[in-house]
Amino acid sequence: APRKEFNVAWSIYVGWMPWPYAEQAGIVKKWGDKYGIKINITQINDYVESINQYTAGKFDGVTVTNMDALTIPAAGGVDTTALIVGDYSNGNDGVILKNAKSLTDIKGQNVNLVEFSVSHYLLARALSSVGLAEKDIKTVNTSDADIVSAYKAEDTTALVTWNPQLSEINSEPTAHMVFDSSKIPGEIIDTLAVNTKTLQQNPALGKALVGIWFDTLKLMQDPVKGKAAREAMAKLSGSSLASFEGQLKTTKLFYTPAEAVSFTTDPKLVQTMDLVRSFSFDHGLLGQNVGNKDVVGIAFPGTATLGDTKNIKLRFDATYMKMAADGKL
Amino acid sequence: MRRVMNMQPGRARWLLALLPFALIVMVYVVGSAQRRAENPSDKVLPPFGEMSSAIHRVAFEEDKRTGEYLFWSDTGASLERLAIGLSIATALALVLGLLIGLLPIGNAMFAPMTAVMSMIPPMAILPILFIVFGLGELSKVVLIIVGVAPCLMRDLVFTVGSLPREQLVKAQSLGASTWQVLIRVALPQALPRLIASLRLALGPAFLFLISAEAISADSGLGYRIFLLRRYLAMDTILPYVAWITLLAFLMDLALAQLSRRAFPWAHGAEPKA
Amino acid sequence: MSALSIRNVWIEYGSQVVLERVNLEIDAGAFIAIVGPSGCGKTSFLRLLLGQERPARGSILLDGKPMPDEPGPDRGVVFQRYSVFPHLTVLGNVLLGPELQSSPLLGRSFGRRRRALVERAHALLSEVGLGDSLHKYPAQLSGGMQQRLALAQALIRQPRVLLLDEPFGALDPGIRGEIHVLMRKLWKETGVTIVMVTHDLREAFLLGTRVVVFDRLRKLPTEAQRYGATISQNIAVHRRHVPGPGDDGIAANDSDRDDPIAVETPGRDDPTPTH
Amino acid sequence: MRRVMNMQPGRARWLLALLPFALIVMVYVVGSAQRRAENPSDKVLPPFGEMSSAIHRVAFEEDKRTGEYLFWSDTGASLERLAIGLSIATALALVLGLLIGLLPIGNAMFAPMTAVMSMIPPMAILPILFIVFGLGELSKVVLIIVGVAPCLMRDLVFTVGSLPREQLVKAQSLGASTWQVLIRVALPQALPRLIASLRLALGPAFLFLISAEAISADSGLGYRIFLLRRYLAMDTILPYVAWITLLAFLMDLALAQLSRRAFPWAHGAEPKA
Amino acid sequence: MSALSIRNVWIEYGSQVVLERVNLEIDAGAFIAIVGPSGCGKTSFLRLLLGQERPARGSILLDGKPMPDEPGPDRGVVFQRYSVFPHLTVLGNVLLGPELQSSPLLGRSFGRRRRALVERAHALLSEVGLGDSLHKYPAQLSGGMQQRLALAQALIRQPRVLLLDEPFGALDPGIRGEIHVLMRKLWKETGVTIVMVTHDLREAFLLGTRVVVFDRLRKLPTEAQRYGATISQNIAVHRRHVPGPGDDGIAANDSDRDDPIAVETPGRDDPTPTH
């Protein structure tokens, strides 16, 4: 039976700030009313916790990266659909060395990062780009909230993180960004994921969310109201407008539904996800006693899939974004 | 020369008390100036002037959009959670503490359980708490409860358990039922001790509050601190920490006063007998 | 007010026999003083009469019926210490018993009923000389005042038997004299049956209508575990004939209620080898 | 019918004690089965079988990447931090506690300072700790110290402060200097209480350890729990939590034993006088 | 062993005058018993002699020299309670004084030196009847044993003056008798000057060579704050002439060291209106 009320969790990240702003600006209510449903947008301060809560069934949707969508809910048996592909990181994540200018200097150092996050993935990609492997460095798990003060500590020499912490650290005279996500464009993807079963039973939810999202993005670009919207988002994320604009520059937001659809339907996404699942499998993120990387199946628009087709748990679905592109909402 | 242990500070008491504080302030001012000299935009040790203007901004200027004064709405949200958490923890501790402390059967049933429970580090089961109790206000309150109730309870069990047997026998010889012994003998004598333990629990309660707010919240003192940490905005974080400390201090004072007013018998001189 | 029969009672803690073969008939209205060396089981015996503990063997009858096996309002008690409640004022302490009786749920009374109780309590407190200290807490009282308070507290529930465990042991001699007078007076007025443990032989003979001596009959250390103490003497006090210790302030009219029981020889002079 | 307060559990004691544990296990098993019925790869409440195989993997199989037995290396790392932190905290508390408790001048100088210090939530000043003490083992140890030393100290101040004045005078009349009063009268009588407070501090110590390890580490029980939280591996997290609880419990027992052995006078019967 | 001169001493707590115009000459080797009503300032006076407090006015001389204003090994003390250290065994308690003396840094002695100290301590403990309980802790001793231990502990440092504050107040009468005998014996053997506060007049006259009575001369409650107590009587005890209380177990040879001072009348009968 269709439900009337839904819960969506978000956490602070430049590519997700449209959600709280939409709530504030009444866009959420507008689209909810249109489809006769109510959508609650809830902020979770700790990103991992928001995904865990979604996985445990407390939320119907959550803002999540492609890799975490695979390793937490999908690997945990919760069939998840990436309903909206909002942006990819185009320099929002980076590797920083203290007092060293080349990525190869990282060899033998301790690297502070949030282990098994997209930072870890970025690091792995960075290392392989210069012919190094993970065994050449040592990772130290460091909470993202504390990574800025971690940089200030004497013994910290290398770290990987994302914005806004990244630009905060990069402004230090000693800091040198030696690798960033613009070198692997389109691999770190930020999505809004929803529970597949809920979505199938309540197509209205999908329509409303997509409607909200692109409405808000349109507003952000409005020459008149856009600045006020961006300023409000900056405030909501605890930073200044200037800093927020800076972060936006390194984020490839798909401002129109058409862009998003074309990115999602591009076969390159399949290659990206193959890289991501290989990394996840190598780090045991798909489960400890998992034999190969195929256990969790991934479906893409059309008929393309990766892994076990009988156990599809992560779906990239462009249907609803397509409706927006076609103006059918 | 008298022995050091016989020397009384006398009038110099205030001076001596201020000395360590003055020292810390001085070290801070010097350190701050030094870092600023090296890096004019250093954020780690902002000078007092910057802190005060940062606090002025959040405490006395309306937030343009929401019309709220962030500092006060954060304080309000945190204090509310704290109050609810501590009230429930106290009530729970009181009921279980009296049962375990007074009744041999209650003791047999709940004492081992609560002993084990109190050893579980609440932080480690945070993920579980969030899953069981959701991410709303409830889970924050529950973390405070899980964190402080065992301590409060253990203190109560001890207090009630060490009431002289004579008193319990005397009460029965005056016709008291178990229930009456509970509410007229055990409970009133446990209350001053409960307030004393509550004072000790203030520190941990704030700790758990802040930890819970760090993970899931959209307002509150702990939320703000962890949010600003990403930008290392020490000019706001440090005053927030000082404010939390002051709040804890004032609550401690208020509880001490309450106990002295409400239970004069527990604060009098030693019995003369 | 009530009679107690102690019939062949044994007290044991684990394998240690503390009291054995205790037989004692206590008449209604008697004032029994129990003396004996430290550790011989006097307090244990009192605990038995209170119902705090049960005998290993034997039985205790209260007015011919088996005694309840837990403390109750028919048997009041005053200990050497901890007999009053530190969190209640003098008045509160004395009110406690009647309040518990009148209100099973809250243990408090209000309004008219309370005023009546306060009046009764006040009268009794005046009688024990605490009429001026109604609103003081026990910690503000001297030791003697605390014990007088404990007496008033126990007596207001009108127990049939009053059990006292060295109630005056911690008091100064002067104050003790005053309390002895009070004790005699209250005993005569209420007619309650009193069993008092004391270390002070003079006190025992001064107050008791009958002095019961507990002692071990076998004194070898090796036998300490297996044999307990028992009643070695049971002396009726004929105050008219026995010269009193004199100047303790007990008025001459003491003698109008002397012990009606004749002197007895202890029931068992040498221990039989059984058990 | 006897009053409930006079009823002794007797032989049923064990049964009563096990009852709540059995209840919890049952609720867990049912809940786990239910979730599994809905979603066969649910991770939130794994059945006991999976937990045991998960633990078997980390405890008895070499980790492919590091060649270590993770469970034991985590335990070792955590215990080492705990031991260092607690030792330093104890030493610090002892010195300050004796000074403040015994010397009026020490009291005037340090008591207000430490009262304020103990109110600061350690978690909130973590960035400062990092910057001052670096990110290595030191800052974790310091967090434990900052977290538990104030409590230990306050207990000691109280114990030393409530030594009867008569004892201190007596010691002086036997010719003791301040130093001698300290080491022969105050210290030995403070030690049993110190152990008792240390037992109470075990819970908070583990708490701070875990928090510190959650923020920055590459091994340790807290590190593992927070790392595994990233992919909700409750099958490992839950046994880890149980293990921490067990460790805390064993330490508590050991300290209790130590105190009873080393300070028989503090555990004897009440004085006879 | 030493003489004390108390010259026109006043004790005040804030605005409350506790003692005023106290003049007392204590001869070397005297045994002064101080009695007086509760709260009149006896303990305060002893604290003064200990050096725990300083007089508001007046001075105290020890053998003609101003007395040190803090407790020291020349003045031993036994209180009613808390006089022994609960964390030390009987032997440890008595060893403490000599050990503190012989080792300023550790307050402990080892090896041969320690064995010598132990021997001395053992001898003294045997004298007070604790020779068999060397390794017990105070909590395992009876009250009387604890007070005997406190005496031994104080005496081993050979103080010139021994101050006792109701040392036997908490003991049973029987045990008190035993200790009185011991007290007299030790006093005679060591020749120490003793100042003892007691509540018990009999004890005062039994043991003291001189009984000093503290009392308020103005008894109106309104004057309680402004006027303190002072010495109202100072009685030399001529044991040969004053009949002793008899059966307390003090041997007849007590009388060979009686008080050499004659009876004095108190120095000040009516208070002068000055101050």
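Note that the chains are named A, B, C, D and E in the order they appear, and that numbering of residues resets to 1 at the start of each chain.
One rule holds for everything that comes next: a residue touches a chain if its C-beta (ideal position, glycine included) is under 8 Å from a C-beta of that chain, and two chains touch if they have at least 3 such contacts.
Chain by chain, the UniProt names read as follows: B, D = ABC transporter permease subunit; C, E = ABC transporter ATP-binding protein.
Given the structure is predicted, the values throughout are model-derived calculations rather than measurements.
Touching chain A and chain D at once are the following chains: B.
Across the two interfaces under comparison, B-E and A-B, the one joined by more C-beta contacts turns out to be A-B.
The distance from the centre of chain A to the centre of chain E, with each centre set as the mean of the Cα atoms, comes to 84 Å. The distance from the centre of chain C to the centre of chain E, with each centre set as the mean of the Cα atoms, comes to 37 Å.
Between chain D and chain E the centroid-to-centroid distance comes to 48 Å (mean Cα coordinates, whole Å). For this pair, chain A with chain C, the centres built from the Cα atoms lie 81 Å apart.
Multi-chain contact residues of chain E, defined as those touching 2 or more other chains: 70, 170. In chain D, the residues touching two or more other chains are 3, 6, 44, 127-128, 131, 172, 177, 214, 229, 232.
Looking at chain A, one finds that residues 52, 56, 146, 148-149, 152 touch two or more other chains. Within the complex, the chain E residues that touch chain B are 69-70. Interface of chain C with chain B (complex): residues 50, 52, 70-73, 75-77, 79, 81-83, 85-88, 96-97, 99-101, 104-108, 137-143, 146, 153-154, 157, 159, 170. Listing the residues of chain D that touch chain A in their complex gives 39-44, 53-54, 57, 65, 126-128, 130-131, 133-136, 139, 214-218, 223, 226-227, 229-233, 236. The part of chain A that touches chain D in the complex is made up of residues 48, 52, 55-56, 71-72, 75-78, 112, 115-117, 135, 138-143, 146, 148-150, 152-156, 285, 288-289.
Within the complex, the chain B residues that touch chain E are 2-3, 6.
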